[in-house]
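Read through the structures below before going on.
Both complexes shown next keep chain A, but they swap its partner, so chain B is in the first and chain C is in the second.
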Partner chain A sequence: MTRSLDDAILHLRTNEREIGTWLLKTQGDVDVTADHDAFLLSHVDHWAVREIVLYIKRTLRRLDQTSRTTFTLIEPGSCFVGWLAEIALAADRSYMLEGTFEGSEHTEPIFQLTGMNAGPLTMDNHLTRLTTRFWGRDDAVARVESLVGEPLDAVEASDAELVTFAYDDIDWDDELRLAIEERASFSPDALTGMEANLRFPGPETMETKIFGRLTAWQNWIFTRPNASGSDGALQRYGTGRRPDFDRKRT
Partner chain B sequence: MTIDSVDYSTLMPNNVGLADDQKLLRALERWYPKYLEWWVDMGPSGFIHETPFQEADVWLRTAVSVEQDGWAKFDFVKMPEYRWGILLAPQEEGRTIPFGEHKGEPAWQEVPGAYRAMLRRLIVIQGDTEPASVEQQRFLGRTAPSFYDMRNLFQVNVEEGRHLWAMVYLLQRYFGKDGREEAEELLRRRSGDEDRPRMLGAFNEETPDWLSFFLFTYFTDRDGKMQLEALAQSGFDPLSRTCRFMLAEEAHHMFVGATGVGRIVKATAEAMRDAGIDDPYDTERIRSLGVIDLPLIQRKLNLHFSLTLDLFGAEESTNAANAFNSGLKGRYHETVIDDDHQLLDSTYPVTKYVDGEFRHVDVPALNALNARLRDDYVDDCAGGVKRWNRYITETGVEFELTLPHVAFHRQIGEFNGLAVTPEGGVIDEATWESRRGDYLPTEGDRVFIEELMQQVTTPGEFASWIAPPQKGIGGQPVEFEYVQIPNT
Partner chain C sequence: MNVDFRTHPDRYRHWHLTVTGEVARLGMDVDEAGGLGPWELKMNSYDLGVDIELYDAVQRLRFEHPEVKVVVIESLKERIFCAGANIKMLGCSTHPEKVNFCKFTNETRNGIEDASDNSQQRYLAAINGSAAGGGYELALAADHIILVDDGTASVALPEVPLLAVLPGTGGLTRLLDKRFVRRDLADVFSTVEEGIKGRKAVEWRLVDETIPTSRFAAGVDERLAEMAMTSDRPSEGPGIELTPLKREITDTTIRYPSLEIELDRDLATATIVIHGPT
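And now, the complex of A and B:
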């Protein structure tokens, strides 16, 4: 599964450069996913398990370093548990459904942390995604780590600041459509810069300096044709005309 | 039921298929009690004899159809029981976006995500002015010069309330969660409140008396008309249809203003003639006749005109340019203007103060849209003033009411901070201040008007300072008892 995710990331990054927004979903059994995490954690000293966890870590880091907008959709039938929950934490935004869809065979979606979220899967800044998410708020990190093992519904996950938005089925389609369309209208380079910055607050490491926000710093954005080209945002600013963007992501 | 027929089966009359839209119905039903609470709290306040306005039967028109003729019917209604409805002008088959970057594309039936924030802002600002004017006018019933005028006031109030409904419909139907939040905020802000004021300056000023009310409905509602005309062009079709129907109601508000000021002018001019007073500045004698002297009317006019011009925003505006280019807000009579409707290369002459004089300066037309709408507005204002002056000349009194210069008494835009006389002369600040009482209403004026205006509660009778109208309203004669105290 990790290999499939890795392949998908690389494929989309290389071959589908105009697809600027990715919607990340999962599908599966919540308990099986939790058991899988527990199995990995109880055998970390075994060489094969160690390699698997490291591979998961690398793949998630690749997701962090992807210059695409990432929205996670936590819908009925999903299994955002443990290491799969890291996908939601890595995304620029996460949307979780309150309750379930009319006529859906599944019950309301669950978001659940496991031990995998509290240590082994660090980002390029050498911090866990939870620590990065609550950077500078140690009490908040401790609070969410105390939620490990607890199945959270949309309201609880939203109260715990683990998801960005919780909407009911009435609002779901409309809010998503508007958010995606809005995002797609922005400058791809500016988004790359903004996203890289927001994904990596806190201390720099060698990896973040090379792959992270410093490579997508404002000087880079400003010298791109989307900003300083003749139809770019800087030239068009104040004229009432919208810039023409090259939609390809880097 | 066809889509355009008005459904009276729900609490809210509508032609938007409310009964079949559970989501919207739920949102509106949650909002309705809060609206009623606001109406009772902030709507018309006062008594006729012992009866509160809100319990009186008022001869009101209620919108019942969206057809050009016969769209309203008159009946006695208690204001809190007024049927505020959601009515949109009929959908035009195959309508396309008439201007801007998307010109020629099919009009949007849903909010385009790229413009969500801009569109929401436009709707919220428009929506905010509707309840604000009800709040500003809430005490006027206490000094109404006749039942006829009291009815007109209440009619304007309930329809401004309906306009709020129209904007709230758009927010709740098309803007999801934050739309609902904005709809609640519209009821939480209060005109003139220090902590939660209304969004635009002129809507935080008091409407303390009936002359102000008539000038407000003439000048400020006319700005409302211009803004609605511009929004009625919108590529977002539901907004366009909503505004087109609102314009039908707005016409009556301007009628109230235009005839109201005219009747005051007429009362003054005729009283002067009958008393043999030639000098319009013989203030004391004129006022002793129980009418308002013409120079005071001019000062009030100066105030309302200049405050309203500020509502058009800065002459050169990037926001206006963006809204036009995106196809959200057009120009006055956009579809009959003969140009490319995209304005990428054209210019527009904007009046500016350069090197000690007012000059037309060409600026890119896209950026000058506010200036253009304002210029159209000033032209549109001139007609009523001309009619008012006719009342004066008919009596032989020599005086002319005029619109002040656009740079006079401005707080926003190009002329902010300039000391300009109503005639358009630029003078120094100190001199302007020393003449303030010649230009704008004074404390003495306020006291005089306050003492002059007393509630008249005999059907067919009018206060001394206002002439009766030429005819009644809603098929009734002038002396009809338009506001009645129910028998208990």
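And now, the complex of A and C:
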């Protein structure tokens, strides 16, 4: 599953660049997912389990570093539990359905934290997504970590500040449509900058510095005429002719 | 052009992966004619295709080879370690292509550091010649850097003086935040086209040690054996084979066994459904 997600992120990033908004859903059994997390956590000293957990960590970090809008939709039949709940915490926004859809075979969706949300799956800022979400609010982190193992419905998850919006089935389609259409109307560049800024509050690490600077500084410099213009250094490289620089500093 | 990130050592064009006991060797031997676009990958320069193979190798070493405790990144070309990202490729690429390439490259380097820090699979960079730009940045991802002392081999970050861009895929940041190079020396180093060699490279903390040509191979092997002793990985397998990842793509759907994606090109959305464990 992690390999599929990893490849999907890379594929969409590279080959589907006009698809600006990712709607993230899960499908599965809440209890089985919780058991799976518990198994991983209790065997993390085994080399293979350690590798699996570290791979999940790296794949979620890749999602954090992806310049696409990410909305998580928590619907009936989903399993946002433990490491899969991290996907909701990684997203720019999360929407959770209150109750169920008319005619659905599934009951209302559940959001459930496990020990996986409280330690091993740190972001590039070396903090958990819960600590990042509640940056500067240690009491809030302690409060949500006390909810580990509790199956939360939409109202409870919303009250616990774990999801952005909780809507009933009457409002669900309209609210989502408006949010998606609004997102598609904004400048992709402005969204990339805004999302990357908001995803990493708190302290800088080597990783956040590198990604932030390569996305902004390095690639801004690349687009400047001094580098990539017809008289710039990249075009003149190997020709024996010196680049013609615009000497003004910013 | 559709880029496929799935590969296998049997299909590598640019890297040779060999495993002997607790040591793996990742030999870089870039196929000049194997670029993803109309550029020649001269002097072990790389493009996304080269990095895709490196990522695959790093992943396989972690999962398929629990017995591997140390990995050496080396060049199979004489007197050239790696010339960094291919300049013609950068000149041909669009802005989003460059951003994605740099991001993936750095994610792979972070993955190498994660392997060392958290999986105890250590990395050594054995620099046998010129390591310039991204070539030196790749070495910076390793725990330990050995530079051959042959009078000419050097490490360099020539992006500013040569190309009017930055060694920004971790180069400048890793110098200061990982190797603790003094910032004024880093300024000098990053503006010297030809780079720094020999004893000065050690004094400036750019590499960990130099070894003369005559003792280079033996010296690298000695260091590999020492580094292997610091790992807690099991001495025997079996590992977990990363079998081919099945994927079906149509114009609007992408299907994996445990994940499916539906594209809506009018709304510019991808609905990604991840199947939980069963």
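Just so it is clear, the second predicted complex is superposed on the first by the 211 of 250 C-alpha atoms of A that agree within 3 Å, B and C clash if a C-alpha of one lies under 4 Å from a C-alpha of the other, contacts with A are read in each partner's own complex, and residues count from 1 in each chain.
In the analysis below, contacts are C-beta pairs under 8 Å (C-beta built on N, C-alpha and C of every residue); 3 or more make two chains touch, one makes a residue touch a chain.
Source: prediction; values computed, not measured.
Colleague: Would you check which partner chain A:25 touches, where first means chain B only, second means chain C only, and both and neither mean what they say?
Modeller: second
Colleague: Report for A:4: first if it touches chain B alone, second if chain C alone, otherwise both or neither.
Modeller: After superposition on chain A, A:4 lies in contact with chain C alone.
Colleague: Using the superposition described at the top, determine whether chain B or chain C touches more residues of chain A.
Modeller: The partner making contact with more of chain A's residues is C.
Colleague: I'd like to know which partner A:238 touches here: chain B for first, chain C for second, both or neither.
Modeller: both
Colleague: With the two structures laid over each other on chain A, which partner does A:171 touch: chain B (first), chain C (second), both, or neither?
Modeller: Touch status of A:171: first partner only.
Colleague: Check whether A:67 is in contact with chain B, with chain C, with both or with neither, and answer first, second, both or neither.
Modeller: second
Colleague: Under the stated touch criterion, which partner chain does A:230 make contact with: chain B (first), chain C (second), both, or neither?
Modeller: neither
Colleague: First (chain B), second (chain C), both or neither: which does A:180 touch?
Modeller: The answer is both, since A:180 touches chain B and chain C.
Colleague: Using the superposition described at the top, list the residues of chain A that contact chain B and also contact chain C.
Modeller: The overlap between the chain B and chain C interfaces on chain A comprises residues 180-181, 184, 238.
Colleague: What residues on chain A touch chain B, complex-wise?
Modeller: 167, 170-171, 174-175, 177-185, 238-242
Colleague: Provide the residue numbers of chain A that touch chain C in the complex, in ascending order.
Modeller: 1, 3-5, 7-8, 10-29, 32-33, 36, 47-48, 50-51, 54-55, 57-58, 61-62, 65, 67, 79, 81, 84, 87, 124, 180-181, 184, 206-207, 209-211, 213-215, 217-219, 221-223, 226-228, 232-235, 237-238, 243, 245
Colleague: Sort out for me which residues of chain C touch chain A in the complex.
Modeller: 2-3, 5-6, 48, 59, 62-63, 66, 87, 90-91, 95-96, 98-100, 102-104, 106-107, 110-111, 114, 118-119, 162-166, 168-170, 172-174, 177-178, 233-234, 240, 242, 245, 247, 254, 256-259, 261, 263, 265, 267-278
Colleague: Residue numbers of chain B touching chain A in their complex, please.
Modeller: 23, 26, 101, 110-114, 116-117, 176-177, 318, 320-322, 324-326, 344, 364, 366-367
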